[in-house]
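Chain IDs A, B, C and D follow the sequence of writing; residue 1 opens each chain.
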Amino acid sequence: MTVAASKSDSAHAASDNKEKWLRTYRQMVRIRMFEEQVNELYTRALMPGLAHLYSGEEAVAVGICEALNVDDYITSTHRGHGHCLAKGASPDRMFAELLGKEAGYCRGKGGSMHIADPATGNLGANAIVGGSVGIATGAAFAAKRLGNGRVAVCFFGEGALGQGSLYEVMNLAQLWKLPVIYVCENNLYNEYTHYSETTAGTILGRAAAFGLEAATVDGQDVRAVNEVATRIVERAQNGGGPAFLQADTYRYSGHHVGDINREYYRSKKEEQHWKTERDPIQLHAKWLVDHGFADAATLERVSAEARAEMQAAVQFAVNAPYPSTDQVAQDVYA
Amino acid sequence: MPEVAIAERELTFAQAVREALAEEMRRDSRVCIFGEDVAEAGTPFKVLSGLVEEFGAGRVIDTPISEAGFTGVGVGAAMAGLRPVVDIMFGDFLTLTMDQMVNQAAKAHYMSGGHWRVPMVMRTTLGATRRSAAQHSQSLHAWFSHVPGLKVVLPSTPYDAKGLLKTAIRDENPVVFFEDKMMYKLKGRVPEGEYTIPFGVANVKRAGEDITLVATSSMVHVALGAAALLEKEGVSAEVVDPRTTWPLDEKTIVDSVKKTSRAIVLDEGYGRYGVTAEIAAVIAEGAFYDLDAPVKRMGAMHVPIPFSPPLEDVTVPTEETVVEAARKMCGK
Amino acid sequence: MTVAASKSDSAHAASDNKEKWLRTYRQMVRIRMFEEQVNELYTRALMPGLAHLYSGEEAVAVGICEALNVDDYITSTHRGHGHCLAKGASPDRMFAELLGKEAGYCRGKGGSMHIADPATGNLGANAIVGGSVGIATGAAFAAKRLGNGRVAVCFFGEGALGQGSLYEVMNLAQLWKLPVIYVCENNLYNEYTHYSETTAGTILGRAAAFGLEAATVDGQDVRAVNEVATRIVERAQNGGGPAFLQADTYRYSGHHVGDINREYYRSKKEEQHWKTERDPIQLHAKWLVDHGFADAATLERVSAEARAEMQAAVQFAVNAPYPSTDQVAQDVYA
Amino acid sequence: MPEVAIAERELTFAQAVREALAEEMRRDSRVCIFGEDVAEAGTPFKVLSGLVEEFGAGRVIDTPISEAGFTGVGVGAAMAGLRPVVDIMFGDFLTLTMDQMVNQAAKAHYMSGGHWRVPMVMRTTLGATRRSAAQHSQSLHAWFSHVPGLKVVLPSTPYDAKGLLKTAIRDENPVVFFEDKMMYKLKGRVPEGEYTIPFGVANVKRAGEDITLVATSSMVHVALGAAALLEKEGVSAEVVDPRTTWPLDEKTIVDSVKKTSRAIVLDEGYGRYGVTAEIAAVIAEGAFYDLDAPVKRMGAMHVPIPFSPPLEDVTVPTEETVVEAARKMCGK
């Protein structure tokens, strides 16, 4: 029932995949740069409200979305910028949404916590912890019933393990053999509380108890994530039913952009360790260089391009107009 | 009443609901039903009997006792191309579905800037006097009427039940459809042919001159019974059934009261902070210069519904209490 | 983590326990006779509404309550008459409640599905499936915080495994090491649906995943139930934390008294098998006789006394007055 | 206003809430707090900072993100002898607690014939305009006001917050206590000494002659601001704060309107089927013969709360919109 992802550095996994591993690198860098800009917008008081940054967790979203088709579904969380970009959304309309502009993905009505994009199968970020577990499971039900071969990936943080509805839908998904993948991003903290204070027993055991295929993976290793994702996605496509993936990772910044003083719940030392020893981008960069898939200059170019792309996207958003107030009453009913 | 015009045949309320579902499932393969004991059992009320035999276990689906979970599945299935009809056996269990209905279903369209849609129907029940006590007797439709993004339907006759349910299933938005448990065996004319009833259009169930009785769901029958008694006393009561509390047909209600200059609002939900408050406020505002007396509100007594029959019976408005109130208002 | 109850027929378990095993026999018989009267009241149209009979499951409530003190807490279900009697309630006031009379435990306001009795620690039957899992867990929290040494037993049917809140509170109970026992009465059916159609994976695994002590027991063997109950109750009293007990059992009658034609969901043959081969009262009677703790005459006397007791209790209830209608507005607020 | 009479000291709304909790926890060891990040973090709003340091992790308890679960634990703990204060971070998450609050907490006393009690307080938040979008901006107090067995409190000042919270903790029934997120930094006079404020007693926050503004929670400040502006125009507005929507002090509200003959009801919940409907209906009935104009209701616009600032800002009543409405009603 419970299986761990096999090490992924095997030559085979890599060799004929240069394009893919360069693409995943680029995607991770784009997410990192996107979040840098978000933090910038916040500190410059250009962004209304708050945002929850995905920095440090890039390998999870990228490794998994690399295994999906554009029309496969995802549901995302309050920490959703990474999922959204990895699934294919464009940063300009994302920034526009973060600033509440009409050009945003949700015409400014959703903001950071509710970006949705039908074009890339993104059913939406959700500001209710665990709020989308039913939606993802239902999308998988529809995909199976309509026979369109799609799968649904439900991203959530380990804090969502506290929501009973997760267990209700895992039971349904297994009973009905639905093509849904539950991805638990374990970044160790539910807001300001360490997950060990909120999580009894084991995480994987909770999925295995309902009969789901359950696996853990190093969430800082984009290749490992992608390998296990590819396997469980194929399994789901072939009628094998749902799976649960625990990706161990870490968020670099605060719970949200305003969470500056964190020592009372986690140490600078711990943060430093993850940033220097376990950074998914650096680790993948080293691997790319070691395997001769890229040299320092190439990687530098990727960063430069991504940074430029995000700066331009921010400019677009800053210059974009707000919706006219009469739009407030539109879109309540279809 | 429209029934008189076109109807030929009599069906029970339960049969009318079943026929609406069967017709819609035949015309649209995306329609499917989720719920507890909805398949072979056809629900404890037997409303769905026969559907699994015609449409199969792939479209009439028994679920575990997971109201929050399968409601959420309904929301996602609707967003991804199906038209689920989610069955919540007793309206009291809606308490378990509020997050999915209110934070997800009701808001997905708006939050996505109009991109995603949730064409889903939640069928559930309301009503007391079944000797089922406090956790199986509530009428919680006011909560949903309070939430933008949802539509709320309260059919009072087999004819309305069929026409409104077909409209609900074809609607692009989440609709909560409340059926009074005590009305399932109620018979009424239902035409053979295809028809639908638009939302937001109240129905004058009985014309009158002296007082308007605005009533929902089972209270429509209490109002009609009271109207018949009042007629003997020379009081002509008009009975207006909004049929949907959201959208609400304010005009028909207000116009009726402008004509009669008196109004009683009847609803089986709690009277305080409920449907009677909204409709009374709408009347007091819209017919302000025409009212001869304050609008009278009659809802469930503000107590958990007791089990003991003599106690339960006094918690809901009856023909007698309505007649008495109407008499007073008309100065008789 | 997961342990099965050891066989209980060992001499030691029995020998010095004659009184106890005769008492448990009497209690099971009393419950059986109580439910016979309930069915009688229904068929004679003397009882308002419906009731869910416990017949066939007596060994679970009796075996467990035998291990409890009078001030320990229980929460019960829609099928709660057995729990209520086993915990020590008296049948006259129970019948009065079933008939909605003022002399009832709830002054007629609760009825069959809501009988509660502070004198015996019965926090109440609950008509919401899984509705009392939080209440039982909270009572255990209070017991621990107040240091009064009480434990709380939460009875529920296997259908409640569908309610996510069960997993939420098991997590809390294990994190806080609360003295609460979750007793899953697996009688195979959620209303009219076999539990295998609603339950993926394993039942015990769901509790074990949260770190709870988890055990299964033959719910038709009152001695086996009592032995494992005694062990996990002591464990809870000694700070060992929560436990989960799956008791395999069967309900003899319909889901409720009105559920007469059942062939579409279960066979007469299956019902016959349980009634003849697995009846907890017959099995215990045989054991009592085999061990020389009782002879046929003694057991017959127990039945006769119980039947007489229940008939008298029904008479009391039938003759008792209804509450006056002004009581409808009392007890809304304390 | 009572503040003027006795107060010496200024506290923020958050400090007043914290002081009430600290005082009650000192006088009664049965009082404990459950919630997400309530201990070291002191909640995201820092309302509870310092309490875990004084009372320890055994009484200020961090929970997993299990609103339904720990609310149920609160209900059971209350029945078994404690006096829990359950913290629901955002009022939007109340959707997850409805079964425990409505089917369990609200009914346990009644269903048990008065034998069991649930002396529990649920503290939560309401209010928009924080740029938090549709799932973090709702004001759902109308739902609870609709449910017999619950009491609902909506403090509008630091003084009221402290006095009402102490009363809530000492009450023998489940109480839902709503704090507007935008008011936590609001300062107001709070006396040093011990005091409580009874439920069901409205407070006239400002006396006036021409129009009554009945307002709850943050809307009290909108009403006071509007009253100040209206004064300049020669319109004297009375501001009445019910403080608790259940029990509701109908008399003070109706008496004020009988005096002024005009009323606007302000509440941050949705206007439709909400608190404004109930209070407007109460006024229309109680002051029927004194009203010079229909009661005006002003609540949140009937849309999910949008994120975009210019859109969000038009969803709630403001001093300007209230002044405009009052002007019209007073024929200016």
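We adopt the following convention: a residue touches a chain if its C-beta (ideal position, glycine included) is under 8 Å from a C-beta of that chain, and two chains touch if they have at least 3 such contacts.
Note that the coordinates shown come from a computational prediction; the quantities given were computed from them, not determined experimentally.
Summarising the inter-chain layout, the chain whose CA centre lies farthest from the centre of subunit B is A. For chain pairs A-D and A-B, the one joined by more C-beta pairs in contact is A-B. Mean C-alpha position of subunit A lies 37 Å from that of subunit D. One simple way to say how far apart two chains are is to compare their mean CA positions; for subunit A and subunit B this gives 42 Å.
Per-chain CA centroids place subunit B at a distance of 31 Å from subunit D.
Centroids of subunit A and subunit C (each the mean of its C-alpha atoms) stand 46 Å apart.
Touching two or more other chains at once are residues 63-64, 66, 68-69, 92-93, 96, 99, 103, 110-111, 133-135, 148-149, 302-304, 306 of subunit D.
Shown for subunit A are the residues that touch two or more other chains, namely 106-110, 114, 126, 128, 131, 161-165, 168, 171, 175, 197-199, 332. The touching residues of subunit A, when paired with subunit C in their complex, are 161-168, 170-171, 174-175, 197-202, 205-206, 208-212.
Interface of subunit C with subunit B (complex): residues 48-50, 100-101, 106-114, 126-131, 159-164, 190-193, 197-199, 264-265, 322-323, 325, 327-329, 332.
Those residues of subunit D that touch subunit A in the shared complex are 36-37, 40-41, 44, 62-66, 68-69, 92-93, 96, 130-136, 301-304, 306-311, 314-315. Per the touch definition, subunit D reaches subunit B in the complex via residues 92-93, 95-96, 98-99, 102-103, 106-107, 110-111, 133-135, 142-143, 145-149, 245-246, 248, 269-270, 272-278, 280-281, 284-286, 288, 291, 293-297, 302-304, 306. The residues of subunit D lying in touch with subunit C in their complex are 32, 58, 63-64, 66, 68-82, 84, 99-100, 103-104, 108-117, 119, 148-149, 151, 172-173.
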